[in-house]
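Paired with chain B in one complex and with chain C in the other, chain A is shared by the two complexes that follow.
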Partner chain A sequence: MLSLLKKLASSKKDRIYEGRTEHLKQFRLSANIGDNTTRLLDIMNNSFDIKTRTFKIGRTNTRAAVIYISELVNDFIINNNIIKSLILESTFVTDKNGKVDLDLIKDSMLSLAEVKEAETFDEIVLGIMSGDTFLCIQGFAKGLLISARQYKGRTVGQPNLEPSVKGPQEAFVEMLSVNLGLIRRRIRDPNLTFEIHKLGRRTKADVVLMYIKGIAHKDLIDKIREKLLAIDIDRVTTAVEVSKLMIDKPNSIFPLVQVTERPDRVVAAMNEGRVAMIIEGAPDGIIIPVTLPILMQSPDDYFESWLAASVIRITRYVCFFISILFPAIYISTTSFHPGMLPTRLVLSITASRTGVPFPAVLEALLMEFTLEILQEAGIRLPRVVGQTVSIVGGLVIGQAAVQAGVVSPIMVIVISITALSSFAIPDYSLSMASRIIRIPFILLAVTFGSFGIAMGLLFLLAYFSSLKSFGLSYLTPVAPFRPRDSRDALIRGPLWSMHRRPEFLRPEDTQRQAPTGRSKPNES
Partner chain B sequence: MKRLLLVLVILIIPLAGCWDRVDIDMRGYVLGIALDAYPPNPIGQNSSEFEASPEEEEPLERMETHAGKPKYAMTVQLPMVKRAQNASSGQMGGGSEGSSTWEITQIGSSFMCMNREMATRTNLLMYYEHLQVIIISDEIAKQGLEKVMDFFVRDPEMRRRVKIYISKGEAKRILDVIPRIEDYASMYLSLLPLNAKKTSRMATDTDLGEMIINIHSGLDFVLPKVEAIKDEIKSSGGAAIKNGKMVGWLTEIELEAVKLMRNLYRGGVLTIKTPGEEEGLNVLEITKAKSTIKPSVKNNVPHFDIRIKVEGNYAEDVNIHTHGQLDMEYIKKLEKAFKKEIETFCAQTIKRMQEEYGADVLQLKKVLQTKTPAYWKKIADHWDEIYPEASISITADVTVRLLGLET
Partner chain C sequence: MRVERLSKVQVMTITVGAIFGVDILMVQHHMVKIARQDGWISLAIGGLLSIGFAFIYYLLAVLHPDLDMPEIKLKLCGPFLGRLLLFPTALYAVLYAGLSARIFAQALKMFLLDRTPIYAIIALMLVVVAYSVYKGIYVIGSISDVIFPLCVFTVVSMLLLSFQQVDLDRLKPVLFENMDNVIRGIFPGFRHFMGFGIIAYIYCHTYQAKGTYKWFIAGLLIPIAFYVLLTVVSIGVFSVGSLEGLIFPTLTLSKSIEFPATFLERLESFTAVIWIALVFESLIVFFYISIRDFSVLFGISRKYDRYTIIVLIIAAYIISLLEPHGIQVLNYFRILVSTYTLYSLIIVPLLTGYALLKRRRSKQ
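And now, the complex of A and B:
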């Protein structure tokens, strides 16, 4: 099955190269702007949103042209700082002989921060496509790429998938520059490094690797960069997609990278020595590497007393197991080992099940399927009719199905608790994984009873231990056990006790705070 | 190759074919079992006269046997879950008449056979892991417990925590009772011993496991007695079991004495006549009781020195005025009276046990075995003759702690 997929993938490999623009490298600008503009427009297939404006500079007869994509630039800057200045001011742009000088224009005329010279077509086309404005002047075999980009998009909003009660309420947006700003604002350290790479033969998206030099281990950065650069694909739209191409076990249903939309999380992760990645056009950041205990952390943990936070975190672990196991345990105890339940409970379950036509498994799978439908439909439904789901789901499926005797009320309780528990898992991908492995556990429970569940758990444990996220064991710091790092695993230790960065991330700077990092209590 | 192996392993799973999966509502949860002799033997009549009982009356309860005459009647109590549930949560409050249980009686020679024969009469799979009580009629108990209990000990579905009761008269009658605040008589009986810390007139710690240990180590013991009228059940007093056979009943007070001396006392009440008065009664609520038995041998006759330390609260006085009287002196006087009362009724009990039943319900045998093994070896074979001759002295020590709000 897998090998078949691989064969299919490799047979179509060659076709990706059609989108290459590297051949443009050999073409250089000519001194004639007429040729240049027609050629550029030709390369860009004369799309209507590519605007060209030709004009004469000052009172000279030298012609110039600007080419840009109207939706990606700031019109005001182009009109006022480029076209207007060039048309009205001739003194600054001409040399002693009254001839237009490109260097003068660049150095003394354009009051814009980012201006660079360009000669080859690949560079120019990419610039224009990214939102730069290209200025070329008659008589020069080179032009200027002026950055007056203005991408339009959302403003910074609240996190949707990772809401928190306290703490920062900002989430990434689709604009890379905004996102970078959100991070820079939080770390005023010159060692915070942003590495830009372009990815995708057609999309040429800006991918930014972020880390703090001196904390993140060099090998880790090199490894990630190497994997990133090895990707050869025609389009990438989100960072998650990129990460899927980078992980070692692409078939794992458990997330091997952490996806987040919270800049504060990225900042915290980088401070521990992890590496983040973000991409133009997508509001998700990727943090590498990740372990299961890290996925069970929530930003809220750090805003509460460590005791309260630890209790909540343990609850979350319990929920993780409930989410995976509860229907399976219900089925195995009721259909195989009713002797394990208290007598009164057995009798009340029996009473609630009398008249139900299906065996417990079928009932569970039916409800499970209904639950998946509800969740999927809930995402898809337009907000205007969103209420329908809760009414149909809650009333029809919950109450009516019980009254009609199709399912037993106790099964509704079991599935509801399971569903609720899966939402208590902080990471959406992990919660999704727990939903999926629930089904094999139900099947194991119905064939082998508790014995089957035990087998499944053993298998799951072995699988967890075999998983690696960029070389880091998935269960660290629990297995391999690292006592010092366990302060932030199953429990959330007091902040003053975590004066060292997690050792398993091998940070180059291990000390996070002075060993007595807290202020001394008042002595009175 | 590896992949093929994986596929084969996965294919094993459906091969198991759901193993012994039975849905929870397909099982019949046996809550109680009553064991009676068959044919029933009314007091004073010989059972052989009833040998030819009319077959038409209970045709379904009889079965064919490979071997052995039908000697026992086993009644199992199955909950009728749906009806029970409706009665408790149904319209306009309970009050619905009629039983919420189903008692199936089977007559046969062996319990395993009877158990399986019942499968021909119910559509449910009999399930014994939730068994709460086994009620044995005194008639069977007198014939010998070991003879009938084998199946209940051997079967893997039986739990050792099943409570054992001896019924006065027909055991099935107890299961027929519909308790007013509980749907199932068996459940009611299994929870009854929880009251043992309030009263000492109820035998406790008498589950199947305990009973079998006692029988196998040749010890005598007491099982709780249970009686019933139409809608009420009472468990007080006990049945003395000697060599696995019931030898007679213990009264409520005798049971109290046995529990006191055997260190099984969990709480109870002691009443005495007020010393030096005609009418008055003083009541002690015993909160703590501890007994130690010290054996010694004099002239080849064993002597047992039983010391009982009792602590309690002054709980009530009836028909007298103690206002202002409860000073230390008075309390000392009371303590002495309580002590005397304990010593008296314990001694009476032992006397009856020794002389009338010959049952070593205090398990003095165990004391001898552990404390004086050399002597025990000599008399091991003659214990039954020596026991009634053994001299037993009882010393009680009573402390009154709290006096309550009245003085």
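And now, the complex of A and C:
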């Protein structure tokens, strides 16, 4: 029995670690080129996109082979800078005795920026899979991994989920190198650090942690790195997916990391002392840690006057509450407290509900459900058809439902305002969370009226207060209240007044600008 | 690692939250019953006296910066006597919370939810309270940070909006042949501010920086100012005679504010949300106190003390529903607060004096 259990446990362990390449570490290259290529092709299951070219180096009889994945490399570089050089310019690569010298090839022949020696199969396989070209020469128990990568992908475009009226209009793409370039271009500081890690037993995706050394707190970086390295999974494709494995409360419907597709946003966050993470193959990055006030900020806030930006930001907060509470308030007012409304309004609401067969709560839930269907359909369908859906859904169904007496016109107005308000929330995940918690509020309102709504809000407040994003309270700097950091929370203070970085992020360099922070007015 | 502590601002907001509570709904009624039109004077004197006693509590906490009140009692008086002194406080906190919940549920039933049963109102309130208290003192601090500005805004707005209805003649004659009543009202006035005792429970969780005392006193001065102003305005609006008949004058005052030309005709449903928040905050503070007291009483470590909330919430729920008559509940509440105030006035100065003496001896 015990042995069976042990066997089961060991087989489970084997299954868990399936897909790793670490076990290849023990296998080293042999001096025989034929054995090496055969073995490499075997490991990679002789996939058709793995190309091998065997040739002789110049006039010597020494055979060499290059192995690469055709879709991940630049053919021109391989042909001209590797194969052509080795076949035609052999005089540079032989020593006094006329034997091929690997060091000479590496140092004098290959005119490529990144060339490194490799001896074990794990690093060679990983290199080839990542887009490197492996050069293997007869008689040498080591080879060269040459970087001639060229990933094909789309060009830098505009942000889809975080559009802004003013400011930069660039968004991340799927290629890591391009994304890193977008960041580097904006911060010409040698302290900008990119830390690369491999993640996923099978995908082995390049995950890059980005921060500015000297600004981001060391504890925060260590904590994120520790959580990142603790992940053991076979596949990751996006940074958001990685973040779900790192956060303390994975069941929270509220976002505990900030997802962004804007490099300018990442740059601004790193300048505050936060840490960003992007991953090869995904057009979005994440910023850690995050708070609710940060999620309510939009890039546009910083391109307008502080007064205008503050008004807009307050409007956004109002929209957040409308998107959560408006149907609940409507139901509680009409069902429990009609006395607080002016008599004419009460009469108007009553008249509009005449003939509607459902109670207000059912009406609200029905409309909510319809709205969710419309939103889902709008996302899934192609853009051209998506517009038709909004016309059919918004106008035809809405109007038809009112005319058929299924819902009242006032309910259509309530749900429309609620939906519009949820679209005004700058963060998509937060907007989605507001859509979800709207339903419990409706149920509380129909059971307990405004008391139910108040209790729901207090529960939400307690929940928000207990949420933490990598150790940072979710309501900071509002609660715990930090007057100095509040200049960029509920309102957006003048830029010149924000001469210190937010203290709640504990930046190592607290000073952002000189206390005066602005150019002096002209003296005339 | 980030060390979580309560800020100075949170010391103020928690103190305000502990003092407010159901008292804010009926303080005027209570004071006018004793000192008639001069009730606000008794309240002001009681408030000023409470500042002196608050200093004694603060001193006791400062002398034991790593301990809270139940631990201090045990340290100063030993395990047996300490527990004996602790028991009344623990009992008081849970009784206070239960009776507060009941009184507030009655007020809600009277003004907002006439068809909803009291047991359902209390049950919902206590569930949310239990969740908040379970999350710990730092979450309580954050909650008070958010509720505090809303409460200040609401009370100030209500005072300003109802000021046009105030008839100052109703406050006259000031101190005319009423001195005895004013003096008699000082102690009841004082006991409305007994929530300041929370400092002895939270000081060990603060940064203990300079200026904490100022913020603590600010947290006491704000309720004093609000209570006195509410009493003045309520007397001015309703007159002494009417006020004696109103059990929850604050709610009646907010109901009396009308906006004939605007979208909302009456504000009481919305202001009720703020009163709910205020009472909620007071409840979570008192449940926190009872958690700490009972945990120390039964030797439960800090790590697990939050689990006692399950028992305490059930106890408070039962207490809140024991008495069928609402008026009787109000009487019990008054007797409870008065008795505990007397107990504290004797015990806490004695403890502080003993702690000072002990300190001097150890220095020598």
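Just so it is clear, the second predicted complex is superposed on the first by the 507 of 524 C-alpha atoms of A that agree within 3 Å, B and C clash if a C-alpha of one lies under 4 Å from a C-alpha of the other, contacts with A are read in each partner's own complex, and residues count from 1 in each chain.
Keep in mind that, in the parts below, a contact is a pair of C-beta atoms (placed from the backbone, for glycine too) under 8 Å apart; a residue touches a chain by one contact, two chains touch by 3 or more.
All figures in this text were calculated on a predicted structure; none of them were measured in a lab.
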Inquiry  = After the alignment on chain A, I want to confirm one thing: do chain B and chain C clash, or do they fit together?
reply    = fit
Message = By the touch definition at the top of the document, which applies to A:Ala360: first (chain B), second (chain C), both, or neither?
response = first
Request  = Classify the contacts of A:Gly449 with the two partner chains as first (chain B alone), second (chain C alone), both, or neither.
outcome  = both
Inquiry  = Just to be sure I read the superposition right, which of the two partners does A:Ala462 touch: chain B = first, chain C = second, or both, or neither?
reply    = second
Task = Return first, second, both or neither, reflecting whether A:Phe336 touches chain B, chain C, both chains, or no partner chain.
result = both
Task = Put down the vertex angle at chain A formed with chain B and chain C, C-alpha centres only, nearest 10°.
result = 40
Request  = On the superposed three-chain arrangement, identify whether chain B or chain C touches more chain A residues.
outcome  = C
Inquiry  = Output check: A:Ala351 vs chain B and chain C. Expected answer is one of first, second, both, neither. What do you get?
reply    = first
Query = Between chain B (first) and chain C (second), which does A:Ile247 come into contact with in this model arrangement: first, second, both, or neither?
reply = neither
Query = A:Gly471 contacts which: chain B (first), chain C (second), both, neither?
reply = second
Remark   = Closest CA approach of chain B to chain C after superposing, in angstrom, is 5
Message = Can you give me the overlap between the chain B contact set and the chain C contact set on chain A?
response = 336, 339, 343, 448-449
Message = Considering only the defined contacts, which chain C positions touch chain A in the complex?
response = 1-2, 6-7, 9-10, 13, 108, 112-113, 116, 120-121, 124-125, 128, 131-132, 135-136, 138-139, 141-143, 145-147, 263-270, 272-273, 276-277, 280
Key: Residues of chain B that touch chain A when the two form their complex   = 13-14, 16-25, 27, 29, 31, 79, 81-82, 84-85, 127, 129-130, 132, 157, 159, 187
Request  = Would you tell me which residues of chain A are touching chain B in their complex?
outcome  = 334-336, 338-339, 343-344, 346-356, 359-360, 443-444, 446-449
Partner chain C, residues of chain A touching it in the complex = 219, 332-333, 336-337, 339-343, 345, 448-455, 457-459, 461-466, 471-473, 475, 478-483, 506
